[in-house]
């Protein structure tokens, strides 16, 4: 069901770069669970390190947006890109960060509405109003 | 530049349903400006009314998410769907609702990151961890 | 505005394969007009011939679907794929084949609705009902 | 396999708005079967009502396009948007409305052709012919 | 799991056009294995023949690009279009043509990077530098 | 035409991080030209640095794939994602790295073919052959 091997913990222990990222994921998340995304990325230590470091900078470090808002934006992109894995993992992450059923319902409603108006603007090839352009 | 006629205010005045929606947009937004999206939709009063009513329910009525968060989610979908018109109009709307440059920068960073991990999960066809499935 | 050269009629006359396709397009459509799509494809006579032959087989030859229905399906795909060139050219073609304003409006409404329910089914990762599966 | 709970008939009976929509679906379709799409939407009565009402207006009410044409356009969008659930449910619906194997084959051929020419126009960034622009 | 019947070898033997394509696939690939893609296309002999002939011309005939490069480009498109079937089949094909784990890893890294910069250019609606335009 | 300000060289000189990246781009590419992508990213020094560093690691450092192959894969993704800016800039880059007209034509033919078979596999929801699955 995958085009890349998923690394077990035993295999990860044999590669110091993979082992270090797995350890950091566990420490950062305060959980022993490593999801398949990282087990698949273990085949590419460069991409594994780069992706995890970016996740930490963008999604975990304190910033101008709160953690739950960031997860909901992540779900929005994943849904529009039709990434089933990502929708499942980030919906779980959003719930873990406090997303209520009402918020999930509203997110779903916004995605449905935006998809609809995106389609209309594209089908009708509506020209951008000059007032929306930045100087 | 469009596959549908854009209605002027003079034309809108000749159709009571279109005129009513345009008036409600102006009253709701407290602005005389009607952007091209609505001028193109005026060709279809049914869709015009339905879309504007949904916008009011989902994006404007008080709800479980604040207005700025909703606009940023809208931008996320519009970017992933590659709708230039929608990106321009909702980025302007988000700025009008207080989106700072730091928040826009962060939104951009999340969209870039999610697109990247979406691509990885899809290329590697990573199987969904059972723990992410809802019972 | 293009990443390939657009062939003029003078240039087309210098290549017998391109000249033959251009002549067949003109004869089939009973019009002297050759749109940019074919002028760009002229750089690749193989692809030019293959594409034009397929257009003739699928879109022009008498078949189980009428010509206007076929054009509206073409617009639907082009809109969902966000191909501005294709939306413009096939909307023009559909109008030339008799698409009324009411039909265009309805097509737009269906595309908007389908985009919306596609988004919902994807965001919620709704499992396929067994009854929909073919044996 | 879903990120939202699927409502059983017993659960639907406990919410008057959900129960009313389910009853209307059954009456309109003259069938006791409620597919998973609606069972997932039951978590959001607002979206459930809005979506069902739009389906009735756009897909079921008599209009400028016949019901089978509408279903085939729906499949076209769902395929281009890669919504597996929607492809399955609307292919079943199209068959129920009389789509023959020959028509399904032709639909598939048009989607394949449009995807191909969409790709060409995008890769070559072909400029829109002025004649395609509406005044 | 499919919206079209998958033809068995016994069924293929009953249709001379399908039988001929299946025989040519086996002879060309020097393998008895016919994958599901062709078994599904067997319902449409026209599309079956056209698609197989194009595959032979574009992917198999000697050309300006080597066979492995062509398969990796095919995976790139299939991943961006989110076609699980195509990602699986063309990753297998690329491996059969010699794609190493290092090359697969690098392909994955390029797809991830391109998806990221595509998202950035789209979110920011960056104008095309005049120097990139062809005369 | 953009939703973010494009930094001039004068503005870049006022921010040491932006100035450093611009200088590195110029030194690496042995050209004074900085394209708009980087001028737009200058608003976000974090993302600017991260993106440029990844470009250097993935696209410029010697690796298992040659530079031209990498650019063609980049174009493939950009076309499937419909990023006009990216198609223009990476087609120019591929030409600068030696892409011939024959190779560009072939790339276009592969993208057209893959888009077509992606569409077929999706419309018919063809099940993955077990032999394609990795253990």
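For the reader, a short list of remarks on this structure follows.
Note that the chains take the letters A, B, C, D, E and F in the order they are written out, and that residue 1 is the start of every chain.
We adopt the following convention: a residue touches a chain if its C-beta (ideal position, glycine included) is under 8 Å from a C-beta of that chain, and two chains touch if they have at least 3 such contacts.
Model, not experiment: these values are computed from the prediction.
Once subunit C is ignored, the contact network of the remaining chains holds as one piece. Mostly differing positions are employed by subunit B and subunit C in their mutual contact, as under half of the interface residue numbers are shared between these two copies. Against reference pair C-E, the listed pairs B-F, D-F or B-D yield one interface repeat, B-D (criterion: more than half of contact pairs the same by residue number). Superposing the C-alpha atoms of subunit B onto subunit F requires a rotation of 120 degrees, rounded to the nearest 5. Subunit C and subunit F have centres, each the mean of its CA atoms, that are 27 Å apart.
Subunit A and subunit B have Cα centroids separated by 21 Å. One inter-chain figure worth recording: subunit A and subunit C are separated by 35 Å, centre to centre, where each centre is the mean of the chain's CA atoms.
Counting partner chains per residue, subunit C has residues 1-4, 46-47, 51, 54, 77, 79-84, 87-88, 91, 105, 107-109, 111-120, 122-125, 133 touching two or more of them. Viewed as a contact network, the protein chains are fully connected, with every chain touching every other. In the complex of the two chains, the subunit F residues touching subunit C come out as 82, 87-88, 91, 101, 104-105, 108-109, 112, 119. For subunit E in complex with subunit B, the touching residues are 75, 79-80, 82, 84, 87-88, 107-108, 111-120, 122-125.
Those residues of subunit C whose C-beta lies close enough to touch subunit F in the complex are 3-4, 43-44, 46-47, 51, 77, 81-83.
Contact residues on subunit A toward subunit B in their complex (touch as defined above): 1-4, 6, 33, 35-37, 40-41, 47, 51, 54-55, 58-59, 63-65, 69-70, 72-74, 76-81, 83-86, 88-89, 91-92, 100, 102-103, 105-107, 109-111, 113-118, 120-129, 131-133. Put simply, subunit D touches subunit B in their complex at residues 1-5, 46, 50, 54, 57, 133-134.
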